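Heads up, the next two complexes both have subunit A, just with different partners, subunit B and then subunit C.
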Partner chain A sequence: MVENKTYIQSFCTIQNNEIILEGASIFKLEPTLFSDFSKKAYQNFEMNYPKFFKMDSLSKLAFLGAELLLKNENSESKENNTALLFANNSSSLDTDVKYQNSISDPENYFPSPAVFVYTLPNICLGEISIRHQLKSENSFFIFETFNPVFMANYAKILLNSNKAEKVLCGWVEYYDEEYKAFLYLVAKEGNLEHKIETLLTEYNK
Partner chain B sequence: MQKEVFITETNCITPIGFDVATNIQNIVGSVSGIQWHQNTDLMKMPFYASIINDEALNSAFAKISTAEKYTRLEKMMILALQPIVEKSKLDERTGFILSTTKGNITALENPSSDNFQQAHLGHLAKNVADFFGFATEPIVVSNACVSGILAVSIAKRLIQGEMFDNVFIIAGDEVSEFVLSGFNSFQAMSDSPCRPYSKNRNGVTLGEATAAVLVSSDKENAKIKVIGDGSINDANHISGPSRTGEGLFRSIESALAEAKINANQIDYISAHGTATPFNDEMEAIAFNRLGLENVPVNSLKGFYGHTLGASGLLETVIGIESVLESKLFVSLGFDEMGVSQPINIIEKNENKNMNYFLKTASGFGGCNTAVLFEKGR
Partner chain C sequence: MEALKQELKEKIIDVLNLEDIKLEEINDNDALFGDGLGLDSIDALELIVMLDKDYGIKLVDPKEGKVIFKSIETMAAYIKENRAK
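Right after this comes the complex of A and B.
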């Protein structure tokens, strides 16, 4: 395969009640619950997408990051072939545990389809795809920790094989109020070269 | 020029056989794994499902290991991989992909910190990988019901991207109270063995299985060549398919473009066919949009039920045998046409020479995958 250079066009981190875009803090709250933090971030950036409130925490986290990186990408006239390549450690376990609790007690058995649907990690990709009308390649992976080698390789494969024009990559980890999202948009043009060391440095900041 | 990629080994563990040959024998004889179960640990009401017998599983596992630490799903996965891994050397050029939707989700039934760890998909992958001694970090794919076939596409891409020379894939899921109650809450469970594409179909029958393949750049021992793939989202709804089959349509288009073949060259489609009203209708629409309405098509859900993250790979393993043996297998459970667009359902086993085979799947989150295969000459 021809090795063409690829570039990171934009990136953001969400953790500890703070959103950092391209290294600059753009939204920060005093310690609070994720439900409160995510709602205020949604309001602050005037996202205007009521479906947001039906999502589970993992989807909200992924959605917020994608919103910041894709808002300038959408065009009315042209389809946007941006692939989604996401991963985390805990899959959808946060919602899995909530769902399991709804069926464990025979006295209080109340399985809900609205909860069950979020017991799959790739649902957050569906949410982002719907919001940004991305009829594009998407896949969700599980690793022990952020795996920049795999992510960089797979993103390059998608671009170099012309399966996608850009790739939105994301590490979106959420379990029981512990969370971290690191999202970045990779393309064939740009200024910041898409390198494993750069990804690790930005991830660890 | 992209590197050529092949599937060189296959195996599966299912309720109708613990190797490929036994599965094929049972499919030829129209023996289904779906049975009526009365097991209140799984569901209060009796239900249809395709479930592996515990005694048979344990006695097969005892022949390869005396270890007692493995979960039921881990045993199923290790058994599927064992005969194909033992022939190979495992080095840093050998990748390992594990595909599942819910893994060891049953571990959550009895809350403890150990059990919580066990429910992590990475933990499952490590347990299976360590049994064989893989030298590379497991890659877990969890993309709802396309996971199994998506893993084939990923393996091919990683080999073409020079990350690996060989990739072992294991795909598996288990019938659990968690999944049964969830599908039931969607009112998506059939009250009889599922009937894909039939007029009176009314939902899925769940099943469990594992399937394993070796994907390789080495042509020797090739069973079939992987020639194109696509995994494109509907961008329409998280719990229902697109009415127009957009994502599936585009996934197949993407696979065809890469393979540089026309839709009319496809000889056989192993489709998803879950037997829910919306899924089967969506597939019929997508196939028609591509001019695939006359291509023989089956769903193997009538034999195995819906095995979630295993289904795409299991059905690929059986599809490869179809091509190699030049036999089209009956789409079990089909009676009267129940989709609005014409499709060519395989109603009885028949002989047919095949060169190109298409496998498709679709799932929650709006995901779809299509992979095209070509018979070796």
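Right after this comes the complex of A and C.
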């Protein structure tokens, strides 16, 4: 397998009620709950996708980031070749706990199907795939912290083996109102080289 | 019956997170699935849970749901006849 250089085409960070795209703040609210922040971000960017409101917080977080980075991709490229490579620390624990609470009292045992379907972290990849009609490779990994070495290697293998034309990579961590998303689109062409130091620098900003 | 229909509309918007839909946009005879409100299979399961939780009605045959959940009108009529709470 020939190892070619890869590039970061675009990137964004969502944390502390703010969305930063390519280093510039594009949306910010005063401190509020994530449900309020995510709803107002959705409205602000006119995403027009009612299923957004049915998603759990992890999926909303991943969806918002993906919307910003994939909205300008042409449909031909999106349909087949943009792989999804995501990771986090807390898996779907936030929703798992909510679901557990709904079934912990035998006298009040009403498990919610709509909550249950989000008790896996990779469901957020499905939501993005449905929205952008991706039929591509996708993987969700659990790490203690953001792991740029693993992510960069995995993305490069996908690109250099022609499994994907682009790779949307993401750290999407959400648990109990604490959240951070760092998403970036890696491709075979671009201006910003896809390097571990660059990923770490942008992640830590 | 009118109060029950109003209550059902409020519950459906709340339970199914239909944030983009206003109460007055749901007509009593609108189809809840398909071309109407566009609910999906997970929503159908959620409505079955709602019947149990809020009205004490346990649907033993899921096929019944197709008739019961046709519209607000059919749901309200079924609940009125079968409610245990």
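Quick note on the criterion: the second predicted complex is superposed on the first by the 199 of 205 C-alpha atoms of A that agree within 3 Å, B and C clash if a C-alpha of one lies under 4 Å from a C-alpha of the other, contacts with A are read in each partner's own complex, and residues count from 1 in each chain.
Definition applied: a residue touches a chain if its C-beta (ideal position, glycine included) is under 8 Å from a C-beta of that chain, and two chains touch if they have at least 3 such contacts.
For clarity, every value in this text was computed on a predicted model and none was experimentally measured.
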{"item": "Contacts of A:L21 with subunit B and subunit C, given as first, second, both or neither", "value": "neither"}
{"item": "Partner chain in contact with A:F53 - subunit B first, subunit C second, else both or neither", "value": "second"}
{"item": "Partner chain in contact with A:S112 - subunit B first, subunit C second, else both or neither", "value": "both"}
{"item": "Which superposed partner A:I196 touches (first subunit B, second subunit C, both, neither)", "value": "neither"}
{"item": "Subunit B versus subunit C, judged by how many residues of subunit A each one touches", "value": "B"}
{"item": "Partner chain(s) touched by A:K39 [first = subunit B, second = subunit C, both, neither]", "value": "second"}
{"item": "Footprint overlap on subunit A, comparing subunit B with subunit C", "value": "111-113, 117"}
{"item": "Of subunit B, residues touching subunit A in the complex", "value": "2-3, 101-103, 105, 108-109, 119-122, 125, 137, 139-144, 150, 154, 157-158, 160-163, 177-178, 181-182, 184-186, 230-239, 246-247, 250, 254, 258, 363-367"}
{"item": "Residues of subunit A defined as touching subunit C within the complex", "value": "39, 50, 53-54, 110-114, 117"}
{"item": "Residues of subunit A defined as touching subunit B within the complex", "value": "1, 84, 89-91, 93, 96-97, 99-100, 103-104, 111-113, 116-117, 119-123, 125-127, 129-130, 132-144, 147, 150, 153-154, 156-158, 160-161, 163"}
{"item": "Subunit A contact footprint on subunit C (complex, rising order)", "value": "16-20, 42-43, 45-46, 49, 52-53"}
